[in-house]
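Two complexes are shown next, each including chain A; its partner changes from chain B in the first to chain C in the second.
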Partner chain A sequence: MRSAIQQFNRLSISQDAAPRSISSPFIRTLTTTTSPRASLTTTADTVIPPPSDPLQPIGPQSVLATIHAFPSLEPLRFEQYPASHLYLPTRRDILHRAVIYEGDKTRLGTASTKWRDEVHGSTKKIRPQKGTGHARLGDKKSPMLRGGGVAFGPKPRDFSTKLPRKVYDLAWRTALSYRFRKGELTIIDGAMTIPYPSVSYVEDMFNAHGWGNKDGRSLLVTLGKKGRRDFREVMEKLGNFGRMETWDEVDVKDLLEMGRVVIERDALKNILLSHQSDLTNSIWVKGLVSANKQEL
Partner chain B sequence: MPPRLQVLRTATSFLCPPKSTAITPLLAPFLLPAQQLRAASILSSLSDTKGAYHKKIRRGRGPASGKGKTAGRGQKGQHAHGKVPAGFNGGQTKEEITNPPRGRNKFNPFKVEMSPINLDKIQSWIDQGRLDPSKPITMKELNDSRCLHGVKKDGVKLLARNAEALTTPINIIVSRASAEAISKIESLGGTVTTRFYSPESIRRILCGKTHPTISLQSPPSLIALSLPTLSAKKTPPPELSSALTALTSAEAAQEAKDTAVASVMSQVLQRYQFRLPDATSRKDIEYYRDPAHRGYLSHLVKEGESPSLFFKMPRTVVPGGVKRKGDVKKKATKASAENKLW
Partner chain C sequence: MHRLPRSQRPIEQLLPSVLPLRPCLRNSPCRPSLCATATRSNVSPFSTSAPALSIFSSKPDKKKHRAFVRRWQKRLLGESDPVGAHVDPYDKTSPVRIAPEEQGEEEELLEEMEGGEDWGYTQAETWRGLERIGSDKWVQQWKEWENADSWKKWEPSDSYAPVDKVRDQAALKEAFHRAVVEVITLKKAGAPLEFLNDFVGRHYDPLRTHEVKLRASRDGSVSLLYPSETAVTEFLQKFMSEEADETDVGDEHAELVDELLENGTLQDATIKEKLKEAHLTIAEARSLVGVLKSREVVAKVASEVMAEENESAQAAEELKLNSIPLTDLDLKFNLLKRLTALTGLRISDPNILQIDTFADLYHQLLAASKPQPKKLVEEILADPKKAKKVMSIPNVKISPRRVTVVDKEKEVGRWKVIEYALKERGIPVTGRKVTSL
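And then the complex of A and B:
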């Protein structure tokens, strides 16, 4: 009996992982909706075969992700990813902390004003203390006077807050897992390149895949810039269709912002490798794919 | 303003009452109201856990804040205006001097703190597939599978709550074990070994810098038991497999066993940054020498010896045995005294 329940539980994991069909969710909420388009084109099929012996230890879990060709999005093969990388539960609090941390970190904090002692000018008393029939005044740099300093005005400062690296790395993988669970993570084999720098070509491609503006825009993540210059230039013109970034330019908020994430396999590998400090004891990141060595 | 979609959804739920007919699933896509499918980002619904943040109390910011006029400092005096040294009692002897913490709340550096682990929980973890009974279970396995949430400073003690729940034979290595738990596990054909862990070594074991069982004084049986944990591969390296055969076979020569232990130790030292320490205090050594505790040092206790390092076993009387040295001397002095003139 126990084993039967166990089998059932395991099957339910894999069912959860599979993209929901169009007919199944009757009442949908906004954030958990899988858009039908996404489920058709971007398959996050995860099928964990049920173990033959129910008492076998579970061990490290993994999920299967589809690797697609570009730009046809033809599914090429499955690839296995650890569940701790692409199938984490959606911890909204962790994502929130990461997004706030990034927001704080990117604040410039350059607002600057001159206080009364920094304003250029004399400290001479501008009129006698008594007898003029006017208010008492000291020097002309007083914050009360025109041309005077600013009382307690802003000075350049650092707004950055701290977040433990392990929490931040967990947030990265949680963001990717969230995309993967919703079928909004499309993994591309090789490099995303276009044959010629044509806006209409990219527009047509985005419309055909349902990646464009009305489908919530798309974030394209590449390994490097080499060979993608045409595509990047076109994407800069097509800002309302999405954005193209390299793997080290994106952050957690970028991953969560748009309708979907289209990512090169090597870029995903680099992101996962450099954000697993909570899983490994080593502080060194090894095995990153170099953008210069990639074949185009 | 609340999102309009919310209104739309509640309206549709009134308009289309859910009917479960056989045809509904087929028609579902067409029955769905033509609602606007916007891409809603998760970013708008992110929030930290309730209680993770505390709003800072802003003192002296007006009566409405509740901490306005006196800002929570009361009226008049040194306390209202400035600082008073912590614990200052008006010049009287301080509270912590006259009335220091006693009893349970007092810090006790000699307290032994262990994480309890019960047999029923182990069985439950095995049933869920979270613990592998074919491999030796140590505190590392227990912590990694979240059977224990962290290990307290002195290690793990095995207890026998719902002992009848355990049905799988297991090989478990812990800091201490209750007699009932030992008898239950051994009746199923499993083994219990208790071994010494220092607080620092526990921390290192949990982060994978020390091997959880193999130390310099580990008996060959314990080393043989924990050899499978040394290599993650299905086929262990040849030196390990040869060491395993040397350690497990009864008729192997002592020299072969020693070389096997040495090779295993060198493997452990290559793989782990720190060595696992052995018991050094008398109390610990005596605990782990005791066969009743299934201590890892119990093989060092010779025939007729007790685990205690302090009390000697009572001398066995040998009938007609060797005479004492003192007796001979006494007799010699007596004889010489008899020969004296004065």
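And then the complex of A and C:
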């Protein structure tokens, strides 16, 4: 042990004895000396030039999104959105869990069959136990007989699975971010309305904007139904061009389904506000835009 | 085990009686079909029972047999009439087989009804007013046709971006140059950029932007070198006068507008009243004020600024796009907007995030001009590096379409033989004409 300490001391002495390079730019010590070399900041003679392309380890904190007029799609302005809303990394696993969760949740689970005591009919023994030369049988509702009950048939049940709220909310924003990152999220200022319930008008509009069938159809998300009755009616007829839903009707699967998402600014705001439980501590959603108060 | 004999007659005849005949209207269009089905369906064309009582054929005792039949008939039908008392449905004279038109009594009744009542029926001569039956698509087409005058149609000009997109690189460069010149000119002159909206057309360039040269200033911004000092001022003044003609304020509103300009707000109660008197909406008044204000500003600033601009631009170096940052969001937005109007191309939001310099903007524009590959092979071949990398893998081949059986046969040189054999036998040679991979 002693020899080890001695060796160590010798080593440290020899290190001290070695001449230190004064010009080394990375000498920093944490001791509180008055020497300029001991300070935490680098001295003037050891300036590190700033990198020409500064690396951003975390990435942008906010992103710009263009707000468009409808139906001309004239760009109106840029608007900033937090990167945690519209610029999240694409997590396929989270999206997959959300879509499965939604699929399970929407299963009706109403398939139903009757067990032998639910089948209508007599419980009388259909033939004597012995002496007929035939198999023993009880009543005619036996699952073995035609017209009898079903032994292990389906009964109404709940297929829904669980997903933590925070994961689901993250999936919502991930889905929107995925669209944004692919350039498939078009944000519309105000309400999407058309003057007449004209199918050809909407058809031509979709073709002009590259939203139609050959461009992969479009999901139109609105704040409410008020004022969009004509447009909704037309979109129901133009199912091969896309679909129109309100912000509370769509789910994660819908956002991922078609060629692009065209969304009203207020609808996007409501979606983002009501799906940020992993970002905020409050469980109350405040500041939602009411569809009834929207100016059309 | 006890065995039940089968009934001799068809099962239908065991029912108490056949369906009662329906009274038919004489002139009703549905009559023949209804009556025919009513009668025909009641007569079963076949019977599941044996043609004769085969089980009794060995016993010629008719008495016993008849008693047996009657006993069963009694049990089944609850009546004691002998079998022969029933009408034989296979007999031609059976009432079941008599057609309703031959049953005189009912027809006579109907004639009386028809003759006695006024039906109030008049035959339509045109289709107008009649109920139409057709698919939803047809109904929609009809609706559109009916409202063709009042319903507006989608015009190509309704879209902000022109439908025919610029793909040519030289044209793109020109458009980029034009957008930069226009936006910076108006920005420096303090004119609102909405001016640009009115001359969106690609072929109409009143500013003669191709004559303007771009220069890089020392402070890292873009300077413009105009062909003559007065070129821009002239243009702006001319443009403004055109504007003024279009949006003629009129003497009646002159005072009101002056007042608005002084006040600067439209929410005042007295001003609202005055607007009401002048039959102007707030939006109209706002646009009026906007035009006038911008006109004032432009007139004041334009000439001075442009002179300075030209001086500084002459001193500046040749423009190198790479060196000039594009950090001003307002400038960036307006450039993008102008480029969209000129070229019909849209740069998507995530790509806008990547734009830091003028060069980035130009490269993004070039990227947006390239049509999106529809097939994987197009995407691979578009990038020579990627194509080379994929091609160099020994066991990978690239085909622009699905590899068919013919392609495989051709590859091993068997196709010629197959083709010859097919022709020899007079069998058509199917498959794609051009099968080169």
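We adopt the following convention: the second predicted complex is superposed on the first by the 236 of 296 C-alpha atoms of A that agree within 3 Å, B and C clash if a C-alpha of one lies under 4 Å from a C-alpha of the other, contacts with A are read in each partner's own complex, and residues count from 1 in each chain.
Assume a residue touches a chain if its C-beta (ideal position, glycine included) is under 8 Å from a C-beta of that chain, and two chains touch if they have at least 3 such contacts.
This one's a predicted model, so the numbers in the text were calculated from it and none came from an experiment.
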* Touched partner set for A:Val63, first chain B, second chain C, both or neither -> second
* Would you check which partner chain A:Tyr201 touches, where first means chain B only, second means chain C only, and both and neither mean what they say? => second
* Given the touch rule stated above, what does A:Pro71 touch, chain B (first), chain C (second), both, or neither? -> second
* Classify the contacts of A:Lys237 with the two partner chains as first (chain B alone), second (chain C alone), both, or neither. => second
* Applying the touch criterion given at the start, work out whether A:Tyr178 contacts chain B, chain C, both or neither, answering first, second, both or neither. => first
* To do: Figure out whether A:Lys253 sits in contact with chain B (first) or chain C (second), or with both, or with neither.
  => first
* To do: Please indicate which partner A:His209 is in contact with in the superposed arrangement: first for chain B, second for chain C, both, or neither.
  => second
* Which of chain B and chain C A:Leu95 touches, first, second, both or neither -> first
* Structure fact -> Going through chain A, the residues touched by chain B and also by chain C turn out to be none
* Asked: chain A touches which residues of chain C in the complex?
  -> 136-137, 140, 143-144, 147, 150-154, 156, 158-161, 163, 329, 333, 336-337, 340, 348-353
* **Interface residues, chain A side, partner chain B - complex** => 2, 6, 22-23, 26-27, 30-31, 33, 35, 54-59, 90, 92-93, 95-97, 99, 178, 215-217, 253, 256-259, 281
* To do: In the complex, go through chain B and note every residue touching chain A.
  => 3, 5, 9, 13, 18, 25-26, 28-29, 37-43, 45-49, 52, 126-132, 207-209
* In their complex, what parts of chain A are in touch with chain C? -> 60, 63-66, 69, 71-75, 77-78, 180-185, 195-201, 204-205, 208-209, 237
